[in-house]
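For clarity, chains are labelled A, B, C, D and E in written order, and residue numbers in each chain start from 1.
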Amino acid sequence: MERLPLVTTSPQIHAPGSTRRVMGWVLAALVPAAVWSIVLFGWRAALVITASVAAAVITEGLLNLAFKRENTLNDLSAVVTGVLIGFNMPPEVPVFIPVVASVFAIAVVKWSFGGLGSNWMNPALAGRVFVFFSWGTDMTRWTLPGIGGADAVSGPTPLGSVKLALSDLSAGIDGPMRLLESAGMPTTYLDLFLGRIPGSLGEMSALLLIIGGLLLIILKIVNWEIPVAYIGSFALFMWAFDGMQYGGGIFSGDVLFHLFTGGLMLGALFMATDMVTSPLTLKGRIIFGLGCGLFTFVIRRFGNLPEGVSLAIIFMNILVSLIDRFMKPTRYGVVS
Amino acid sequence: MKGLFKGLLKENPIFVLALGLCPALAVSTTVNNALGMSAATLIVLIGSNLVISSLRKHIPDDIHIPAYIVIIAAFVTLVDMTMQAYFPALSKSLGIFIPLIVVNCIILGRAEAFASKNTIGASVIDAIAMGVGFTVGLTAIALVREVLGAGTITIFPDGGVIRIPGLADKPALVFAFPAGALIVVGFLQAFFRWLGEVTNK
Amino acid sequence: MTYIGIIITYVFVSNLVLSQFLGLCPFIGVSKNTESAVGMGFAVTFVMSLATLITWALQHFILVPLNIVFLQTVTFILVIASLVQLVEMVVRKYSPPLYQALGIYLPLITTNCGVLGIALISVNESYGPMESFIAGLSAGIGFLIALLFMSGIRERLDTEKVPKHLKGTPIAFISGGLMALAFMAFDRALLTNLIGG
Amino acid sequence: MNKFKTFTRGGIHPPEGKGSTSNKPIRNAPLPAVAVVPFSQHIGAPAKPLVEPGDHVEEGQLIGEPAGFVSASVHSPIPGTVKEIKNLYLPSGIKTTAAVIELDGEFSRLGKPILTRDWSVMAKDEILDILKQHGVVGQGGATFPSHVKFSVPKGRTCEVFLVNAAECEPYLSADHRVMLEHTEDIVEGIRIIKKLLDPERIVIGVEVNKPDAIEKLKAAGAADGIEVMPLKVKYPQGAEKNLIEAILDREVPSGKLPIEVGVINANVGTLVSVCEAVRDDKPVIERVVTIAGGAIAQPGNIRARVGSSIQDLIEECGGLAEEPEKFVSGGPLMGFTFIDLDSPVTKGTSGILALTKKEVQSFAATACLSCGRCVKACPMGLVPTTIFKNIEHERLDDATAFGLDDCVLCGACAYVCPSHIPLISAFKAARGRKRRLAAMNKG
Amino acid sequence: MKEMANKALRLGIIGAVAALLLAVVNNFTEPVIAERMTRELTEALTVLAAGGTPGAVETEPAPGVPQRWPIKGGKGWILELTGTGYGGPMTIVASYDTGGTVMVARLMGNNETVGFGKKAEDSSYMKIFVGTGGNRPVPRTKADLGADADTVAGATVTFSGITDALRAGSELVQEWEGR
């Protein structure tokens, strides 16, 4: 007797796709940036990323085992969280920090809410912020990248050094690039674009991140609304108001400098777009993106912490449920 | 005797009844602060339960809330003044959370639910039970937060500090802040729920 | 501090719930759905702004001149309790719809330590009458915002697969913790630069 | 840029899969040796059987009469003897009684000249009665009895009569072929309905993937002032609420019928039946069925008698080329799976699909990622994932508040879901549970 | 009416008793508290005076210096200084010898960021300034610190705020001492 045909409820056909496929493409899109970080910082970069991935995967596996839940490692989401945490670490970070960040991300931020899909805050970012406030000094020790291993010199990131120099700004400096020059850092936009400046492992090259991000957008793995609204509004705010602290007028900010530094591309393309923790509707996503842009600007421009991307996104994560509540699509035939 | 232990697990004010949370979180950065706060709360609890249950026949129903509040506030102020005078360091680190014992829901709650209806003896025992439960809860939170957030266990501020090797040099600072406090309370609540279930079996 | 400074301080930087540990009971207790969160938030804001103003007057015209500051706690809490009663009566009499909306939350406010807390903080910071009022108002708004955010998250969590023992208040606390983590972005440094620069 | 009209919310574009059948003329299926005729082929009360085992029936003889206001007549598709009245399950899961008729005797209609009546002299009630007597039901899928549908309730007027020729379900091309081969019957059917409803406008909505049909209908309907409106290809254009929005920009209020906004609509197949019933005095005993899917050797459109076994139709199309993953009655998005190939064709059977594993793409469900694709796909502006999660947590009231009852079960959400969450299955189950709860509360 | 009066009376009695009780206790504790506070101040100043005896307080001797205390016998000065950190004003208390060299320094009030400027509250942080100001200048930037640089890593603005204040203090002391 041949096998019986399936009995299912409609619809009888489905579009191809699965969580595993989504996560797999995200990983693929992150590979170039990962390779580049290893090229720039050597084996330490590989160690940090591996450690955070291993910690994330082991934590998820153990929790599944301990609480007798079905195995969820196959969906690759823990690997993505691990890689993103690794990407957010400075190169010389003590290895226990990314490990703690991964454990916190998986166990507290994701698992305690019910696992993948149930968490409301981006686990990788929450993990990063947790260790950032816990071990601030270790999380802000940077090295100047060099092909085949990092330069021994440690210094602040471009944004950090600009913050620093701004506190004692002398006349005649018309923008962050000039400040970089005085801090002895590479000074062309191309250097920023390709990642020849100090920074977290994964945020080095804006170019590679944009390529990966575009790939995901073209494949419709992630939506375009959030990156466009985020980068657009952030650029606008920076252009409009950032020039003022250098004595310039309105609309004199150095947009390119801010776009290519401080993990903005990593945040806008790979973290803010996390489906689980971003709104469901198009309108909602645009509002979410605008909010991320605004808060990144506020934190970067006025805060003590130079980067601001992580905090802006997790702050907007808080609002996602409310955005979803108020930005529901208009229902057919229902007059409000 | 049974009444005395109910506050520990089954009716633990912090973990099961979710009462008195604000001071529990605010002052639980070190173990000794937690113990100081617990002592203050215990004294106020006993005092107010004692007075309220002995006056219970003389306080008409529709003025009972203001009357209780005055009694509780008086005890709180007493404790506050005494602490300022004789335990200045503790008083300084507990700050406005000493006067805020007034609005700690445990105290008014027990006054209304228990002391206003029971004899003096029973009320005092109830106060002790709740106070001990509060102490256990608060100390548990403080222990976790101090160990993780500072890498130490402070029993007396001068000399009684245990340093945990490794952690003391690089503690996870976040646990000393509201974020860490709330997370610790969440997990401890879940843990106590589980413990309650296991011990009931 | 300027009025703007006070507003930003108590709405974001020193948010009662997320960085001062005040008003946690209602934060957990009344945040199960958005409607009641907003109702409670407004009721608290209203009482807080009035209470800080009245306790300021009490402190400056009675307690200090008569040298009976030791009665501060007793008198403040009495003032707040009677204020809540009064507000409840007035609202019930003159605005039944408002009473419908806020009525059930009013009695809970007496034991909201945020109200007494902000009154004591205002006195400690030696604010003037207007500053006290604004501090009370913005502390209330900060409370409202935290409560609203929390209710949004909890409504979502109602339909998620939260593990059994963490359901309800524990997961609400953990959510609150993560919220507080995000609010660490708004430190005093940011405030200083925002209104100073 | 094409500027064809379509509905505004949601919608999906699954692979059309119509190419293998839409260009092939309708073939006649061989007459069945045994016809299994269910008494419940429509929405509403099952027809009341008029025959008993042993009875001899003529071709087109009434064998079941309407048992209530919303009910329809059933006729014998072939001449023969009633062998038994048995219970069976239709592919849609409906349990019904059916007459098993064994072919025997002479065909009274087949091959005979068609009698044409002058219906223009008939009264409206007379026409409605003919529809009732001849068992005309909606053939788009809902199988709503036509004599009920075309009776305008008191106090309402029908401004627009919409002809639903969207045929948005993938694979199906029966309506497309009918439009090409029965153009005149359709127009005649419209004329009859025009007399009944007296609408201000008559619009035929056709998706632009059927250009030949659009041309033919335009030419045939021009004299009667019938508008043919090309529509952008998008599923579920053929769902009546979405079609009304697409063509007229009107929205039927939640929980109401299209007449609320002055619209009555009908499927093209129904119009052919209306025409045949009124003009030719022919009851509904056959229909055009698309036989398609990757597993069918020679897919095509077949005119089959009601009651023919599906097995026979598949044989007629060359049998199975490979082992199918699923058999589906209807379109792939709203149709039902079935196992029993002896199931009969009914008035509502628009297609029989034998789908391969590759076409089906079914996976085990994983956790919802809140990607929002279901929200983007929903033609009713709902948030399917939220409704689903509320059902999952037994919050039926909340699910209802989020629009559970507005869902048209088109399946667009479940089709696009990358986590393969059984959204439609949950919605159907929840509505069933709600009905049972309501019944319990009443009783 | 009578009932109302009865209730008011009862409430009044409770209030009066409570107030009376508190007044009595306050009577005992108030002097203790006052005495303790003076003692604490003296103790703190004694520590700052580094072996000397602090003298009477003077307010606003110079802009940016809210208070100063001379160390008896002309041994130097204790200054309360204000610096600007990332979170706004910080209060620093430091004692100088007559040459303007920092003897003891403490960071009192500040609003610096957790994990960054906040760690300046540790006593080890402030130790790096002791001995600077006179013959050795107060460090201007972190680079001047050499091996100690790691102690202050990550919080440059706080660091500059403190050094600026200490340097200004040192200069004032040298000015007062007529150097």
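One rule holds in what follows: contacts are C-beta pairs under 8 Å (C-beta built on N, C-alpha and C of every residue); 3 or more make two chains touch, one makes a residue touch a chain.
Computed from a prediction, not measured in an experiment: that's the story for all the values here.
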*asked:* Taking each chain's centre as the mean of its CA atoms, which one is most distant from chain B?
replied: D
*Which chain's C-alpha centroid is most distant from that of chain C?*
D
_Most contacted chain pair (by C-beta pair count)_ = A-D
*Any idea which chain sits dead centre by C-alpha averages?*
A
_Separation of chain A from chain B, taking each centre as the mean of its C-alpha atoms, in whole Å_ = 41
_Between chain D and chain E, centroid-to-centroid distance (C-alpha), Å_ = 85
*When the centre of a chain is set as the mean of its C-alpha atoms, what distance in Å lies between chain A and chain D?*
49
*Using mean CA coordinates as chain centres, what's the chain B-chain C distance in Å?*
21
*Residue list for chain C, restricted to those that touch at least two other chains*: 70-71, 74, 160-161, 163, 166, 171, 174, 178, 181, 183-184, 187, 189, 193
*If you look at chain A, which of its residues touch at least two other chains?*
108, 112, 115, 117-118, 130, 133-136, 304-305, 324
*Specify, in ascending order, the residues of chain B that touch 2 or more different other chains.*
66, 70, 73-74, 77, 81, 173-174, 177, 179, 183, 186-187
*Touching chain C in the complex: which residues of chain E?*
15, 18-19, 22-23, 25-26, 30, 85-88, 111-114, 117
*Residues of chain B that touch chain A when the two form their complex*: 170-175, 177, 179, 183, 186-187
*Given the complex with chain B, which residues does chain E contribute to the contact?*
6-7, 10-11, 14-15, 18, 21-22, 25-26, 28-30, 32-33, 36, 40, 114-115
*For chain A, which residues are in contact with chain C within the complex?*
67, 108-109, 111-115, 117-118, 120-121, 126, 129-130, 133, 245, 295, 298-299, 301-305, 308, 311-312, 314-315, 317-322, 324-325
*Which residues of chain C touch chain E in their complex?*
68, 70-71, 74, 184, 187-189, 191-193, 196
